[in-house]
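Presented below are the structures under discussion, each in the form of structure tokens.
There are two complexes below, and they share chain A, which is joined by chain B in the first and by chain C in the second.
And then the complex of A and B:
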């Protein structure tokens, strides 16, 4: 899948990480992205939203996409600047149809232990796009807070 | 990305509320347990949280109060842990009440409508009273 045009990033803006299918590696990749948010002085609320959506994407990719198969890899790409954050997560699974996921907020589904990840990504990010197969998700979060001056990059 | 910047960035994140590791403490009272969660439920800590919450439900003291006042972050895996605790409590005739979630966590509970399943109180004393207990 190509970068969604409306996300406003180019290939050259993106940092790519290829990681094993495990929570430790996912946590490390998350820490790199969260570190970038901290460097750009993102607010606590926006940081909460991005961390939440990223964890849902990573958890889905590990658990449902790669089915905890250690021989498979995840690809995480990201671009963080003071105005917005773009994150892509891709797994090696067969994918799924996001629209087929039952509404976790329906009364009959409230007690289900799982199934909230996709809904939360949509709720907390500005835009979410899946590829046709459903094994790659692109997420955009606009940083609506007025950013503090960012230190110049070395 | 400039690799030399990464340690500083990671350190900045680790120092932020949502970057803190989860801390769990349990206060046992005669007929219930008060669990206090602090820090953030990190990706690799949800299973531990689930196990600790479920283990805190005992047949002779099946009610749980989960104090969220010091919790800065949790995702859906953390929510699943709360649901597992509730399921275990119900199995033994108990209840799970939540106390003082921060605005971001309260918002998360509302978004997924779990505020319909978990009574939420502003103060621990209110939760104790609702469960027929007094502070010890």
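And then the complex of A and C:
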């Protein structure tokens, strides 16, 4: 899948990590991205949002995409700047149809233990785009909440 | 009396078992599974349990953790028990609100408030 045009990043902006299918490696890639957010002084709330969405994407890719198959790989690409963060996660699985996932906030689904990951990604990121197959997700978070310098006290 | 375990700290206040999480992040798949198993054991050991989960040490969670809590809630109800949650920070509470799980769980601001809302059996 091409980088979604509206995400406003170029190939050359992206850092790529290819990692094995395990949670430890996923956590390491997450830590690198979190380090970038800290370096750019992202607020707690924006950092919380990106971390949550990234973990859901990584968990989905490991569990549902690569089905914990250690012979498969994940590709994580990211670009962090003070204005926005773009993250892509791709697995080697057969994909899925995100629109077919039932709405977990519907009354009849509220007590189902699964099916909230995609919804949380959409809720916490500015934009989320899946490729046609459903094994690659691109997420954009605008860093709207960059703290402004406090006005001088009167 | 405090029972040390790998992920939970369990205290007793009158008839209520108060559980605090030792991990700040209830998130890694493995620890969620283990936390879920430990909590199920606690529930199974006491039919009609009054269980309070205190989230004061928790600053992150995931959909898998929410799923574990939903399954636990069902188990507690099956055993005619009561489950309440308390001391959830603003960011985590937002996750409960977005997923509408604030309607499924009985959530209180503080442990004291939650304790006063358990019904006597």
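Following the convention adopted for this analysis, the second predicted complex is superposed on the first by the 146 of 154 C-alpha atoms of A that agree within 3 Å, B and C clash if a C-alpha of one lies under 4 Å from a C-alpha of the other, contacts with A are read in each partner's own complex, and residues count from 1 in each chain.
Quick note on the criterion: contacts are C-beta pairs under 8 Å (C-beta built on N, C-alpha and C of every residue); 3 or more make two chains touch, one makes a residue touch a chain.
Keep in mind that this is a model prediction, so the values were computed, not measured.
With both structures placed on the common chain, the touch criterion links A:51 to chain B and to chain C.
With both complexes superposed, B is the one of chain B and chain C in contact with more chain A residues. When the two structures are aligned on the shared chain, A:123 is found in touch with chain B and with chain C. Using the contact criterion defined above for the overlaid structures, shared-chain residue A:75 touches neither chain B nor chain C, since it reaches no partner. Of the two partner chains, chain B and chain C are each touched by A:113.
Residue contacts after overlaying the shared chain place A:105 against chain B and chain C alike. By the touch criterion defined above, A:27 lies against chain B and chain C together after alignment on the C-alpha atoms of chain A.
Chain A residues in contact with chain B (one complex) as well as with chain C (other complex) are 23, 27, 44-45, 48, 51-52, 55-56, 59, 104-105, 110-114, 116-117, 119-120, 123.
For chain B in complex with chain A, the residues that touch the partner chain are 1-2, 4-6, 8-14, 16-19, 42-44, 72-73, 75-77, 79-80, 83-84, 86-87, 104, 108, 111-114, 116-117.
Remark: chain A residues 23, 27, 44-45, 48, 51-52, 55-56, 59, 63, 104-105, 110-117, 119-120, 123 touch chain C in the complex.
On the chain C side of its complex with chain A, the touching residues are 27-30, 60, 62-64, 66-68, 70-71, 73-74, 91, 95, 98-101, 103-104.
Only residues 15, 23-24, 26-27, 30-32, 34-39, 44-45, 47-48, 51-52, 55-56, 58-59, 104-105, 107, 110-114, 116-117, 119-120, 123, 153-154 of chain A touch chain B when the two sit together in their complex.
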